[in-house]
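Alright, structures below, take your time with them.
Heads up, the next two complexes both have chain A, just with different partners, chain B and then chain C.
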Partner chain A sequence: MKNTLFTLFATVACAFSAEAKLNVVATLPDFGSLAREIGLDKVNVTVLAKPTEDPHFVDARPSFVVSLRNADVLIDGGAELELGWLPPLLQNARNPKIEIGKPGRVQASQGVRLMNVPANVTRAAGDVHALGNPHFTVDPIIAKAIAEHIAQSLSALDPANAAFYEANYKKFETTINAKLQEWGAAMLPFRGQHVVAYHDSWPYFAHRFGLNIDIFLEPKPGIPPSPSHLAEVIAQMKAQHIKAIIVEPFHDRRIAEKVASATGAKVVDFSQFPGGLPGTDSYVKLIDMLVARLAAALK
Partner chain B sequence: MKKIILIVLAVFPSAAVSAQESTPATSSSLAPTVSSTTPVTAADVQALRQQVQSLTETVKALQQQVKDQQAALEKANLTGESGLPQNPEPSPIAGAENSPVPAASAPRRFPTEDTSVVSSAGAAAPSPTPGVTGTAPPEGFPTTDTSVVTSAPETISTTGAGASLTQPITIGGSKNYMNISLDGLFALAYSSARDLDHIEVGDHDPQQRGFNARNIELAFDGAVDPYFEGFANIVFKLDNDNETSVEVEEAFMQTTSLPFNLQLKGGQFFAAFGRLNPTHPHTWDFADTPLVNGLFLGPDGLRGLGAQVSWTLPLPWYSQLIFASQNGRGSTGFSFRNPGDNGMFFDRITTDREARGLQDFVWIPRFENSFNLSDTQTVLVGASGAFGSNETGADSRTQIYGADLLYKWKSARAEAGFPFVKWQTEFMYRRFEAGHGADDSFPVAETFHDWGLYSQVLWGFKKGWVAGIRGDYVHMQDSTFTDDFNRQSRSRISANLTWYPTEFSKIRLQYNHDFLEENFFLSEREVDSLFLQFEFILGSHGAHKF
Partner chain C sequence: MWEVMFWPIVACVLLPWLLVYLGLHVVQRGIIFIDIAMAQMAALGICLAVLFRLDLESWTAFAIALGFTLIGAIIFSVTGRRANQIPQEAVIGISYVVAAAAAVLLLSRAAEGDEEIKNMLVGNILLVTPREVWERFALFAAVGIFHFVFRRNFLLVSFDRNGAYKQGLRVRWWDFFFYAVFGLVVTSFVRIAGVLLVFSYLIVPAVCGINLARRIANRLLIGWFIALLGGIGGLFLSYWWDLPSGAAIVCTFGALLILISLVALWQHRRRRSVGMLHSQ
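The block that comes next holds the complex of A and B.
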């Protein structure tokens, strides 16, 4: 019994001593990546969802409760993308530091104008997000805004290092601004072109680079492709000479391949999340790869 | 764009007014001959022409003014060159069609700001006003975009605790006081047994050949205030005569902000005993209750009025202690202070009495731990207990012990949660002291040592598709004195296939083979049953726990 108590106290002591670094929990890998850019070695970043899995349906694993309980900062999307799994975790975590409104809670959608906000919320339209499309981090300009919010949150919780976080944000901003020139130039020849995607995750990316990613293999968000819908897509692709189909790691690539072979288009492996594609462990590398892959496919 | 619309709007009515003004003037001069087809004089036409011309000129002048103003604004906004997004007004973009496509002359500068997507951030941070901060490169792609980012404090999501109390309830938006949903769970049943209501042990299971509606459930939940959350599940059931009965299945409040990882809960709620008992039928992987749950914890599960405290231990893995106390009275405290059907339980006339003291409550401890075996594999193990008195004698006690195991694998590339494999097993042991009944009316006091378990494997092999298999066994201690249908040892094997068109609907086909063993009073028999279960969910569907 004494031993058990000792172990318990040791664990508690460990938990306290570990507080030297801020514990940052990100629901999704893109937010985690931005948090690392700002916090560097002054924060421990834990990411809940895997970069390769469908962010709409993540298992509420009990270990996530432990991560959230020990979190100083929680970064979530704030646009109901994690609606299916985050609420019970937060209920169980009982951590007042990461409640909405506290400096320890960063909601990435804060200050973002969400696209495709439905006028009427009906599930007849499929898996519709009432607040608007939540896949916004792939727009670098939005990523900067999220990074800035993260920097503000970290500065508020760790004022001693405020200048450090601020400087890291500035560095990130400068990098993105410079990179935007590259990415913009690489995408410029394809402005106005149509691209097909498996799921409607790319309106922000399309908006940024002047593409039209407006035809989807899913007949409605979250509804699996049906043969009749795919026939329609194939006809549209042929008529408009569409050259690329975007799929994410968790999508059924075979369906995209079938459509590609029927139309002569290329299947382009995309991911919303750093780590979702090999060699993309940071946000900038991810966008680099997306731009490069799409440019190669559209050429 | 807005300005042009404003001007057009402003000009149009004035034009209309002037037209109206002119019409009465002409018509009054022509008043006597209005009914006839008097030709309009050339002078009138001339006057109108002049009016139209002057109006056209006014509009042109105004348009020019607007253009000039826009040009001036752009010069002020962008450092020198015109950026790509030429829409100076933040316009909520409805699709890629609206995205700014540049004119033939390629821009030399890709925008790196976009106020249409990102707002100027809070006051604490330097405002990313294009052209003002020195960070923007002198030429290239815009780096800001006000069309995508708005001012920060305005758009903080209000989901969850602390939402404004002055907002109306709107379902599906972000401004709810509470989440409301309606779940309809139905089953079309066939069974070789005519007494399906005896073969099936759960109250939400199919009860008769033909159609069944045993779980039409209204669910409410939401933040009460910064300190509490509230939940309620009201269930409507249709019995075999199609009469509706209503059941307050759960209604409780729980704390949200206690220190030391503590949580208190009070009201009517399911006991945290094992895996299945605390859950609602619509989350079950089979169309009916496992035998051991129905026969030990009761047809409605172990639930009741009470209070619960839970504590997540400060350990590096998930570890939680839960301790609850409930009245344990009535059919929802089945093995406890349950007066039984017509005042009889296990053949004894029950003592239906008030609680004498703490020993008459049901005490329900649970300890659960979870580990991640790998990135894709999770294990949860739990041990539960339920201790209290029963009504078959003056001092008769009941103890139930439970152990449960859940293993789940989910693909690292899961779409909508598929594919996955889930193995769940629960074991229970019940010690039941069956006394002499009310007023010592039964000749024998016995102690039953009963045990049972179920084990099930679910395989989500394709998005929306799950195949399942389950084995059930319950051993009831033999007795030469007690003649009760619920004291027959029995086993069951079930297989099913479920299709979830979306997470809000499902269609399930299940086959059960039941085997009831012979005992002193009952002969052995076998039963085949087939269920076609179908379900819909309306409204906000609560997130699933692990």
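The block that comes next holds the complex of A and C.
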């Protein structure tokens, strides 16, 4: 009897807490992964873009609108990375809880000093983002700031669990601080080295770990590589003995391979998003892998 | 469900009727890929607007895109001769690849990512706004009236070209009107629905109608029915299984066409066996 009552009580409690779970929607998998670190089982996290998808172009499906309509919290980059696809979705979802300025809206770029802010935006510079480079989550220190921002938002909307979110943030902060020593040490031998990337997604990563990722296979952001530009990149790579070319899952790997075979460099598969490489289901595992892969290629 | 799917459904009810009708012309003329060529011409116009750094929402940009569509109309009406060694479809194909390649060249200089062109050719019916639906409905109504008023000439030019020449009709001019208006309709629909969906709406209902009926009015009715069924059915499937909406509609059309073809085959065989019984 006592047992049955207990089960009943537990079931009701579960049902209640399931009821009370916050619906968190993240536009991109990196924000989703941070939200899970903070919310754990107290929130439902839905991520719109797939980790292997180009974050500039995401194909909308009906469930995206439904998720946004039912969202208590929306986490987006806030730096125009999702400019091509998020605004029409939000317009269709018409959810006042996740409007800009509400506690339910976390714009990850808030408080982040964006790099490479263009002095004046002209179309001649390519597909540039007016607010600065939006690929910032790969810097672990910025990731900590985003996680803290998420914890504040969750605490404001669900005060009963505020201590829980705060504790999870502290834990994440401690982990990152410890890992930063490790990652920094692994990258130290390569300080100042040049690395080539397909797209300009890595200035924050480069800045954190003392690398120079400033030569790109794309002549301008979003513009496919042209023969003369590739010839120039190959010449630069030979002159500076560059050993690695970073590509992401949605880039044309064959172009990187062609350049690699002309220069003797290695193609390194990278991803900005947890889940974009096999075995990287969390943020820490992702950075672990990026650091390990790059160190192996530069050795 | 309704909140998300309402406007896509409205768009699929209010807009395709004109495409189905134009599709009957297109299939009869044997110029199946004209819509994709026209859309690509308009996209080339937008590329030029990008190159000149015009605001793409401005009237100037719209006028340039329209101008390119008219150039397409001129090309297709001049090359569509009475008896021609070169099939019209070859000219259409060439126009498409050259326009697409020219767009790549222009963009490589314009330095704007291909986002604009993607937006131009890959509309998403799921995200259609009420304003977009009403604007297109108004345009389609106007074009529908134009076609209705001059239906005798348009039908004659498409369905009985020799007859049209014999009656002394200015066939080339009517061709030009047809293509110009057609380009306007296709370009405006592509923006909200994408190239795949426009192609399906033009061709599949028309082919179904031709499969099942001989008179144009009946073909049109069957086509409209198929267009409604495929559009709304596809949207429902897209909602239930969470699939990209445009692609879901296109595949629903494919399935409907297979079904209709089987019905037509069965009808045909029954007619033949009845005919054989009579002859015995």
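Note that the second predicted complex is superposed on the first by the 280 of 299 C-alpha atoms of A that agree within 3 Å, B and C clash if a C-alpha of one lies under 4 Å from a C-alpha of the other, contacts with A are read in each partner's own complex, and residues count from 1 in each chain.
Convention: a residue touches a chain if its C-beta (ideal position, glycine included) is under 8 Å from a C-beta of that chain, and two chains touch if they have at least 3 such contacts.
Predicted, not measured: the structure shown is a model, and the values here were computed from it.
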Quick one: on chain A, after the overlay, do chain B and chain C clash, or do they fit? Just give me the call.
clash
With both structures superposed, pick whichever of chain B and chain C touches the larger number of chain A residues.
B
Could you tell me if A:G264 is touching chain B, chain C, both of them or neither one (first, second, both, neither)?
neither
Touched partner set for A:P159, first chain B, second chain C, both or neither:
neither
Regarding the shared-chain residue A:Q110, is it in contact with chain B (first), chain C (second), both, or neither?
first
After lining up the shared chain so the two structures overlap, which partner does A:F57 touch, if you call chain B first and chain C second: first, second, both or neither?
both
Looking at the overlay, what does A:R69 touch: chain B (first), chain C (second), both, or neither?
both
For A:G101, decide between first (touching chain B), second (touching chain C), both and neither.
first
Of the two partner chains, chain B (first) and chain C (second), which one does A:P221 touch, if any: first, second, both, or neither?
second
Selected from 240-248, 258-266, 294-302 or 348-356: the stretch of chain B that, after superposition, runs into chain C
294-302
Give me the intersection of chain A's contacts with chain B and its contacts with chain C, in residue numbers.
56-57, 59-63, 65-66, 69, 84, 88, 91-92, 123, 126-127, 222-224
Interface residues, chain A side, partner chain C - complex
56-57, 59-63, 65-66, 69, 84, 88-89, 91-92, 122-127, 220-224, 226
Of chain B, residues touching chain A in the complex:
84, 90, 92-102, 106, 109-114, 116-119, 121-122, 124-125, 128, 135-137, 140-145, 147-152, 154-162, 171-174, 229, 256-258, 261-263, 312-318, 370-372, 375, 378, 380, 408, 410-417, 463-464, 502-504, 542-546
Chain C residues touching chain A in their complex are 3-5, 7, 50, 53, 107-108, 110-115, 118-119, 124, 126-127, 129, 238-239, 242-245
Which bits of chain A are touching chain B when the two form their complex?
8, 11-12, 15, 50, 52-54, 56-57, 59-63, 65-66, 69, 78-80, 83-88, 90-92, 94, 96, 99-101, 107, 109-113, 115-117, 121, 123, 126-127, 130-131, 136, 139-142, 144-145, 148-149, 151-152, 155, 170, 173-174, 176-178, 180-181, 183-185, 188, 191-192, 203-204, 206-208, 210-214, 222-224, 249-252
